[in-house]
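Chain IDs A, B, C and D follow the sequence of writing; residue 1 opens each chain.
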Amino acid sequence: MESKEKYLLKMDNVSKDFYGNQVLKNVNLTVKIGEVIGLVGENGAGKSTLMNILFGNPAIHETGGFEGKIFFDGKEVNFTSPFDAIDAGIGMVHQEFVLIPGFTATENIFLNREPIKYNFLSEVFGNRLNLLDRKEMKKRAIKAMQMLEVELDSNMLVNEMPVGYRQFTEISREIDRKYTKILVLDEPTAVLTETEADIVKKVIRKLAKKGVSVIFISHRLQEILDCCDRIVVLRDGSIQKELFPSKTNSVEVAEYMVGSELVKNIRKSKEKRKFEETILKVNDLWVDMPGEQVNKISFEVKKGEIFGIGGLTGQGKLGIANGIMGLYPAEGEVKFKGKSISLNNPKDVLERGMAFVSEDRRGLGLLLDQPIFWNIAFTAMQIKDDFTKSLLGGIIKWRDDKAMIKVTREYIDALKIKCVNEKQFARELSGGNQQKLCMAKAFALKPELMFVSEPTRGIDIGAKSLVLDILHYYNSKYGTTIIMTSSELEELRLTCDRIAIVDEGQIAGILPPTAKPAEFGLLMLGKKSEVEEVLTGEGKD
Amino acid sequence: MKKQNLTRTMNPYVKFFIDYSVPIIIALLVAFAIPLSGLSGKYFIKELTIRLSRNSFLILALLIPVMAGMGMNFGIVLGAMAGEIGLIFVTDWLIVGLPGMLLAMLISTPIAILLGYFAGIVLNRAKGREMVTGFMLGFFMNGIYQLVVLYGMGNIIPISNSNILLPRGYGIRNAISLIGIRQVMDKFIPLKIGGILIPIGTLLVIATLCVFIVWFKKTKLGQDMRTVGQDNDIARASGINVEKTRILSIVISTVLACYGQIIFLQNIGTMNTYNSHEQVGVFAIAALLVGGASVAKASIFNVFVGVILFHTMFVVSPRAGKELIGQAQLGEYFRVFVSYGVIAFSLALYAWRKRVEKENERRKVMAFKRVLLQNNNTTGGDKL
Amino acid sequence: MKEKIKNIIENVGLPRIIIFFFLVSLFVLAPVVGISLTTSINDVIVRFGMNGILVLSLVPMVKSGCGLNFGLQLGIIAGLLGAVISIEMEATGFAGFFMAVGIAIFIAVILGFFYGVLLNKIKGDEMVVATYVGFSSVSLMCIMWLILPFKSPNMIWAYGGSGLRTTINTQGYWFHVLTDFLQIKLGSHIIFPTGTILFFTLLCFLVWAFFRTKIGTSMDAVGSNPDYARSCGVNVDKMRIISVILSTVITAIGILVYEESFGFVQLYMAPLYMAFPAVAALLLGGASVGKVSIKNVIIGAFLFQGILTMTPSVINNIIKSDMSESIRIVVSNGMIVYALTRKSKVRS
Amino acid sequence: MRKRIIIRITLIVVLILIGISLYTIGKEHKVLIDNKGISIGGITYNADTTYKVWVDNLEIGLLEKGERNVAKVAGTSHKIVIEETKDKVLTGEKHEKRFKLKTNEGATINIPAIVNNANEWINKKYIGGE
């Protein structure tokens, strides 16, 4: 009976798998009334799945529910929709704004839960013909905003607000709910200035004092250390450690986050490879890729190297490859083999001998409703006029299906793509084979430099090592320089010669694969100062 | 390749001109054509009063779907058909005067609700291309209407009045006289100023509708529609039944259009059974757009500016054409051209603007982030 | 078994199945009510030849992802201009016809270019804007027909004044030059319009061949997945413009073949609604807003013309009244509404 | 909830009632007005002069003897006024009668019968539509 008093939320042995892929394993989490929990973990550690289970996200139930029990406020609960969760007193501030840009702050705070005034027509046409009680709305909105101690105009339209204020509006919405007992804040400070972030921290403490529990997710370790009562570190779907800010330090947290054991057989050829010539030089690159902003990044890649780019999701690591390849608006200077490339022009980049295996396989990487041989040969046909026959003295470039099929068969054999034949539609292949298809597409261009983004995302373990082997093979056999972007640190350390960690759109540091895991963790958590940077394999240039 | 300037924004004057380019162009055109036509002021005012009272209601019917983010409701043609079916019945039953007109409205309301519901479901299945679908739906329902009125009435649906039936014994005639209810609403409160009939009754009804729309915006349903109109996903995430809300907006619009068409026809006094509704959507939408509305934003103010400008052009252009090159035909083609052209232009402009604004918004956010970074990194000595 | 039938219905689409059976029953009923089947089929073939190219003209734009070309009237205007200019210049016979085609292509390329540029600016809203661009250009041309300085007495109003007639007879110029080419007569009823059909086949082949070239392949990729195409270095906007020009040019040729066979050049408001039957035919043939093949064109044009030819004669004989017009409206527009409400698999 | 159902049902009933009443008050009736001789119950009344006729305050016009005119009226309760006219000058001799019609009724009114205060001056007839 004691536990009922003590804990507001108790998650008991919660497990969840998506089609056999275990993402949460026996998670036990308790939150006391008025306690602030900091949730830390890499991507795919299970943070968002855990929160989705708590919040009753329909996707959880559509994929078979979860195992284990959740007790909230003394009762066992199993929410099937976020609205149930909200009714029970769980509030959530999402990473992406759930705000209507053309509405005022007040209107947004009361989205679909506006106080209403009775109107007789509602008897005939239903409740929705009651009038909004604007006065009451304004009163309550102001009250909620006062709690935040920022000067927020309740009549200001969201699209005229500075970004930080949008976040405050969102938090005000949760504050206004009188019955909110626990509040989940998912990266609330990501878009804020430092002073604004301080306000958020203050509000969290204030709420805690009032008896509202908070689960605070952030990749800024300092913030977590500053304002949480307890830090929960998730890794690979299970709770790695619970720490108390007063008794820990950032190195420890980082270590638990990325795991302390050394990766076995880190490199088959143990010796440090040496590279001479610079093939790619990036100078002050800005890329405007939604959710993966790159802010003024500079780095160099040597010819023949495998260069890794890591970091947490949303920090900008994916933006680098996309920006250089011209898929998202970019500014800055990129030199390939000493010559500047024109940005925002995919054709130019491809023609110079770079290729890209996109992380967005089904969206950008493939023509899902076209046969395999089209998928593999199309880019090469565009860029190099391969697989075409000139008719009428070159006026007509006839597509040479036979040549296309021939090449395709070669790649199917080389990369062991499992398919019925080369005319099968790309849509029908498994994730791993689709990934090989994307790589074959890039190899068909015979590139000197290849960007590979998230090469193993969403494919099974067997295929994963195969994909990485292929990269190694092409790198050692053809000397193709590879820039590999991945969320999986282990995979980067297994494959790359050097690894850059991107945080908040900038390179936090470049480390060799042999560096201590905790150092990578610290870079990801915004603790650059505590890591001794390893600049290049060769030392400074 | 265009230079990507991440911080460029639009000049506010240029923006204003582009926002209101349609009304500005039409106003200039009208200003040029009025003196050319040589029409007397009195004739002009008389015509304009008639057209204002005749058309405003129909155009007002367009406002609510715009609010719900469904664009211009080309489906108001369905409402017009419902209204016409009501009028056919009261004419058949020989119900005259204001009671006849009200009865026609009463009968056609359930028909309009059903049609609106149907249209709403169809448009929900065509998200992102509501307008072209609504437009084609109007054409499609016109075929169904023909089957019902031309072959069903007098056959399956009892119609006994030989004055409106075709000589073959079933099917409604091409034109039927609405002499029994002609201008009953316009003349309900008779008032003449300087020989010009002021249709007080109709104007009062239009004013009531305006009040209704203003009031509606303040209801929970109105607020939900605005939410849905701004962002479907967020509306859904906050628990609003998006599909139902969209259907309701179309139902309301269809019912209003049905009344609008009845008001329109009581003023005219005759009904072209198979043509009266055909161009209802086009003219109403063109007028609204001329009033400065866009696919995403339309107000009562736009309605009246639009009616005045658009119909001034309608009155003036045949005469101006005649004066200009001696062919009245020219002016008539011209006003058809303007109606279609205005819609094409406004829709294209809006679609283009949508893209430009998205890009601007992106640049704004980008610029903001740069400043933010600069402030946070002052110690790093980064200079932009 | 039930599953299988359900699947077929899902894939083919209920409206198509209904229309198909409707057409079959019309053919079955025709002899019963005393209509000669051979004449009917011959009619269908003649009209198939007349209208097929207009249906074909929609293909490039669907392939490149511009959607159904509701702005078909632009191409028609180019064709009409070609026709009246060739008549004004007193060009007759094959030479006259090909001159008309040449002029029409020239104009269509220019119009198509600007149309394409416009459609690129409004990606995502192509169809509704195209509809009204089509309408407004027809009404603009109405003014032009009135004021353009044509002189040929066969074209201007008899009672003096300027301005072209609403219908212009092509008899004496290039009437039936294709239709009568290599014509096959079987008995008194059946006249097979070899020339028209051959010409249609040739154009179908050319369009097919175009999509076998490098540029055609790129266009296809743009339609299937514009993001993919862009990442492969394809200039998406340029491909779309080319597809629009191509569509407009084929339309212009299509309307000339139509007029050549029909015998009259129809001006003013006549082309206003011409886009809809062509679009409906293509959809009836199994195309969707985002996917199309030459097969769809041929099947669609045949089925659609079959219904147009057969309904009036058969239905009139059965219920003694002419419901065909209403049925045509319901079938063609219903087909379009159906296609628009289907969720297209193409990413937007 | 129950309250709402009752309110909604009442509303529908009220609307139907309004519809019926609109039908009744808006229904158009044809009233024929005869200035002809007529025999009622063996007594013959002759038309001898011209009358000016108003139905529901609406002027129908002058009816010479032997003439017939039609008035179209809407609703159930009506009033007919006739005034004797000599040489197109009204004499001031007025007769006024009120009558009611059911929805599907038309009527024939005989002026000589009114002038002579006969009981059967009006002859109502069921018309089931035209």
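By definition in this document, a contact is a pair of C-beta atoms (placed from the backbone, for glycine too) under 8 Å apart; a residue touches a chain by one contact, two chains touch by 3 or more.
Keep in mind it's a predicted model, so treat the numbers as computed, not measured.
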item: Touch-network distance, subunit A to subunit B, counted in steps; value: 1
item: Chain closest to the assembly centre - both centres taken as Cα means; value: B
item: Centre-of-Cα separation between subunit C and subunit B, whole angstrom; value: 31
item: Distance from subunit D to subunit B - Cα centre to Cα centre, in angstrom; value: 44
item: Subunit A and subunit C: spacing of chain centres that average the CA atoms, whole Å; value: 49
item: CA centroid of subunit C to CA centroid of subunit D, Å; value: 62
item: Set of subunit D residues in contact with two or more other chains; value: none
item: Per-residue multi-chain contacts in subunit C, two or more chains; value: none
item: Multi-chain contact residues (two or more partners), subunit A; value: none
item: All pairs of touching chains, each written as two labels joined by a dash; value: A-B, A-C, A-D, B-C, B-D
item: Partner subunit B, residues of subunit C touching it in the complex; value: 70, 118, 121-125, 127-129, 131-133, 135-136, 138-140, 142-143, 146-147, 163, 276, 321, 323, 325-330, 333-334, 336-337, 340-343, 348
item: Complex contacts: residues of subunit C adjacent to subunit A; value: 212-218, 220-221, 224-225, 227-228, 230-235, 291, 345, 347
item: Interface residues, subunit A side, partner subunit D - complex; value: 123-124
item: Residues of subunit B defined as touching subunit C within the complex; value: 122, 125-126, 128-129, 131-133, 135-137, 139-140, 142-144, 146-147, 150-151, 168, 325, 327, 329-330, 333-334, 336-337, 339-341, 343-344, 347-348, 350-352, 355
item: Sites on subunit D touched by subunit B in the complex; value: 15, 18-19, 22-23, 25-28, 72, 74, 128-130
